[in-house]
């Protein structure tokens, strides 16, 4: 193991305290919708100037990983991703909670997050320099195809009505065009409204589209939000561990996907959890009901998104290119401290890096007990709080949360309006997830496309650009696989049945 | 459950509206200076039109999907929820964050209240509400250093 | 019912505890003179960008000299436009200031309706700029700028520059470069300097039209030329465009502004404070090491003259580039 002496450095009381504090604070902050991991790290930056670099990194890394995990709470209990990386957690987490298994869901999320985080951190420790090359191998074209792959998830998510799902996705993609165009400098689709100049902020849209409909429905009927079967059932830890062991391929695969996506600059927890969920769903064993409360869905999402923490540090530390948005903030803090990132960071200042990585591993491990306890408390609070207090509390949190993203009242108004509209069209079968997917993946798809098109035109090789590169081909194949395999399998099943009938 | 699939008129209406939205997008895209800006919006406006039109055709052929179930739950409360949130938010620049949040919280408590008002509840609920609002206010303003709006009305 | 009551009480207690912490976290009682409390420094971009990093570098010097914190907050959107549009709605009490960038505040209002006009901005100080520079990887076949120009002449359109955004400083620089060098290159816009450098390092493009700060912060990159009057102290071996016969002196300038309602004496005081930070030798050294080029255009004639001459030249460039009508 690299640098065992650094493990001891990470175990100093100060660093342990930072790790513990960071994980707890991060979890709480991440659970509040509207407060993202990026924001929570940004708040801490001034504090880190007075600290030694490795301690600063441990604190920021701990908050980062705690926040990514914390997002699962509101995803499971309130159907609102606390951070964008928890979107896919809502797909199966909320149905599980509605069935009365919210505590189980939270425990599964905690275990999956810890495992994912450890895999990411171990990759960072052992394979950082070679893995950073992956970051560079991904060009504009690959991002474009990756976005298309993400969009293909719409097909899976819009069970019952493919057309409505596609329409929703297209709507989301159009919504993502509102505001100043990254690729071209034009102002699009604002229709003169100053409010829309900054576009539709993804987190505000998430909160609006996912939690406002829940609130609207909560208010309309008496009766508790989540049914509770019996009294205290402990953490259901044994149950959760058994399930995870049975689903270990999913867990490890999701962690690997998360690590790789984290390495890709600009792609963070949200993309990781969506891609991983898509894969888990595609390879689901018969009898697993993804989308209706299958714990495997939570595992896929949470394992992947926590793996992006470790994965994201790889290009950040090795190349100086942030792997995920919080990494950009951390990089800024490092710069102010005078730390130069780059391959030589690992060799010349190895003690900083390795102490930090051990600290991150410790923080991730600490997340297990703290996560379970905080999760327990969150669960009990949501369960027992009477609706007359729960509804205003959540409504209030969504308002303050969506304001805090960009310190802009417009975001709150957009959040509420989108939420109301989302509820209306949701009643007619147009669900929120395809729209959100379009909104998130739109910018990536568009910039990837325009950049690849421009480069391809300049090199007179548009076709080769889009279809000739090995990684692109792999992604295209995967996408086709994901889209077609359910159909092919269903067809084969029918043929088999007919053969039997004869 | 109804015995025959209900005609999903609502879905068809929404599809028609979406086609209108897509046309708006195409109209807007004609005013762009850089032709690169228009590619994406036009492509996906096109996709939106095709998908929505296909659904309308499906509905016309009588193969629309099942419409929404009968509306359970009180519509007035739903409308009040959204209205109160929106009104409170828009009033914030004038009456400040706390000035808007406390009334919004109180109003929403009333809207969401289904149980009778016992003496215990009349006392404890407002206290908890105030604790929640103030607690989060300080968390955001002091710890997270988010500049929450102070009302123009209360400024010197 | 019992559990409900207990949970309620616990929740209430927890939140009251937080509120208590909040109350005790109020700033210390005021000293008599300005600044009496922390000053709010709003960055109209997201965290982690160059404006943010600059502000963070200024923070400790400010604290040391004047005893108060600079509280950095973000108001991103529209490439800075959202922040600048709201500048004059903020309190002009001397405790609120905002970062400003060129060429943004000159070009944006001319390109579209962004909610503010260049004259609306009350400038206090322009403190540095990041000079435009052509960046290549260490192992690039272009060893000097002449190599690149030669290659571009022989292969029109095939030399590809990555840059941050369209209609921005890098884009303008590329257009001007094409004109003055007599070549035709292709420009590919990326979202931010980081992404454009990543594309360079991934060998997607031939070179990046970026800034001197890039070479300072990223290993394995080097500069072919810088857009300055004289060579940059940190890169004494890199020629300026002027030396090579092209009059390109440009970059992204950063400064600080206050709401219009701030009274003139307060403006002067704040300007003096920023000036003190900017003139601190240790601060200047940090700037230089980071690849920045320090400037000093203070509130009043100096800043006004600079802005109007800059606006004139940049508007002319933009019109030539077809970015403005």
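Chains: A, B and C, in written order; residue numbering restarts at 1 for each.
The working rule: contacts are C-beta pairs under 8 Å (C-beta built on N, C-alpha and C of every residue); 3 or more make two chains touch, one makes a residue touch a chain.
Worth saying up front: this structure is predicted, and the values here are computed from it rather than measured.
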Quiz prompt | Labels of chains that are neighbours to subunit A and to subunit C | solution = B
Quiz item: Can you name the chain that lies farthest from subunit A, using the mean of each chain's Cα atoms as its centre?
Solution: C
Exercise. Sort out for me whether B-C or A-B is joined by the greater number of C-beta contact pairs.
Key: A-B
Quiz item: So, what's the distance in Å between the C-alpha centres of subunit C and subunit A?
Solution: 30
Quiz item: How many Å are there between the centre of subunit A and the centre of subunit B, using C-alpha atoms for each centre?
Solution: 23
Quiz item: How big is the gap, in whole Å, between where the Cα atoms of subunit B centre and where those of subunit C centre?
Solution: 36
Self-check item: Sites on subunit B at which at least two other chains make contact
Solution: 34, 128, 132, 136-137, 143, 145-147
Self-check item: Residue numbers of subunit C (touch at least two other chains)
Solution: 8, 11, 73, 166
Exercise. List, in ascending order, every residue of subunit A touching at least 2 other chains.
Key: 39, 183-186, 386, 389, 407, 450, 454
Self-check item: Parts of subunit B lying in touch with subunit A, wherever the complex brings them together
Solution: 8, 10-11, 13-15, 18, 21-22, 25, 28-29, 32-34, 36-37, 39-41, 44-45, 47-48, 51-52, 54-55, 58, 65, 67-68, 72-75, 77-78, 80-82, 85-86, 88-90, 92-93, 97, 101, 104-106, 108-115, 121, 125, 128-129, 132-133, 136-137, 140, 143-149
Quiz item: In the complex formed with subunit B, which residues of subunit A make contact?
Solution: 29, 35, 39-40, 43, 160-161, 163-164, 166-167, 170-171, 173-174, 177, 181, 183-186, 188-189, 191, 212, 215-223, 386-393, 395-397, 399-400, 403-404, 407, 409, 412-413, 416-417, 419-420, 423, 425, 427-430, 438, 442, 445-446, 449-450, 454
Self-check item: Interfacial residue positions of subunit C with respect to subunit A in the complex
Solution: 3-4, 7-8, 11, 46-49, 52-53, 56-57, 59-60, 69, 72-79, 81-82, 85, 111-115, 157-158, 160, 165-168, 186-191, 194-195, 197-199, 201-205, 217-220, 290, 323
Quiz item: Where on subunit A does subunit C make contact in their complex?
Solution: 38-39, 42, 45-46, 49, 135-140, 179-180, 182-187, 192, 194, 197-199, 265-266, 319-322, 325, 328-333, 335-336, 340-344, 380-381, 384-386, 389, 406-408, 443, 447, 450-451, 454-455, 457-459
Quiz item: In the complex formed with subunit C, which residues of subunit B make contact?
Solution: 34, 124, 127-128, 131-132, 134-139, 141-143, 145-147, 155
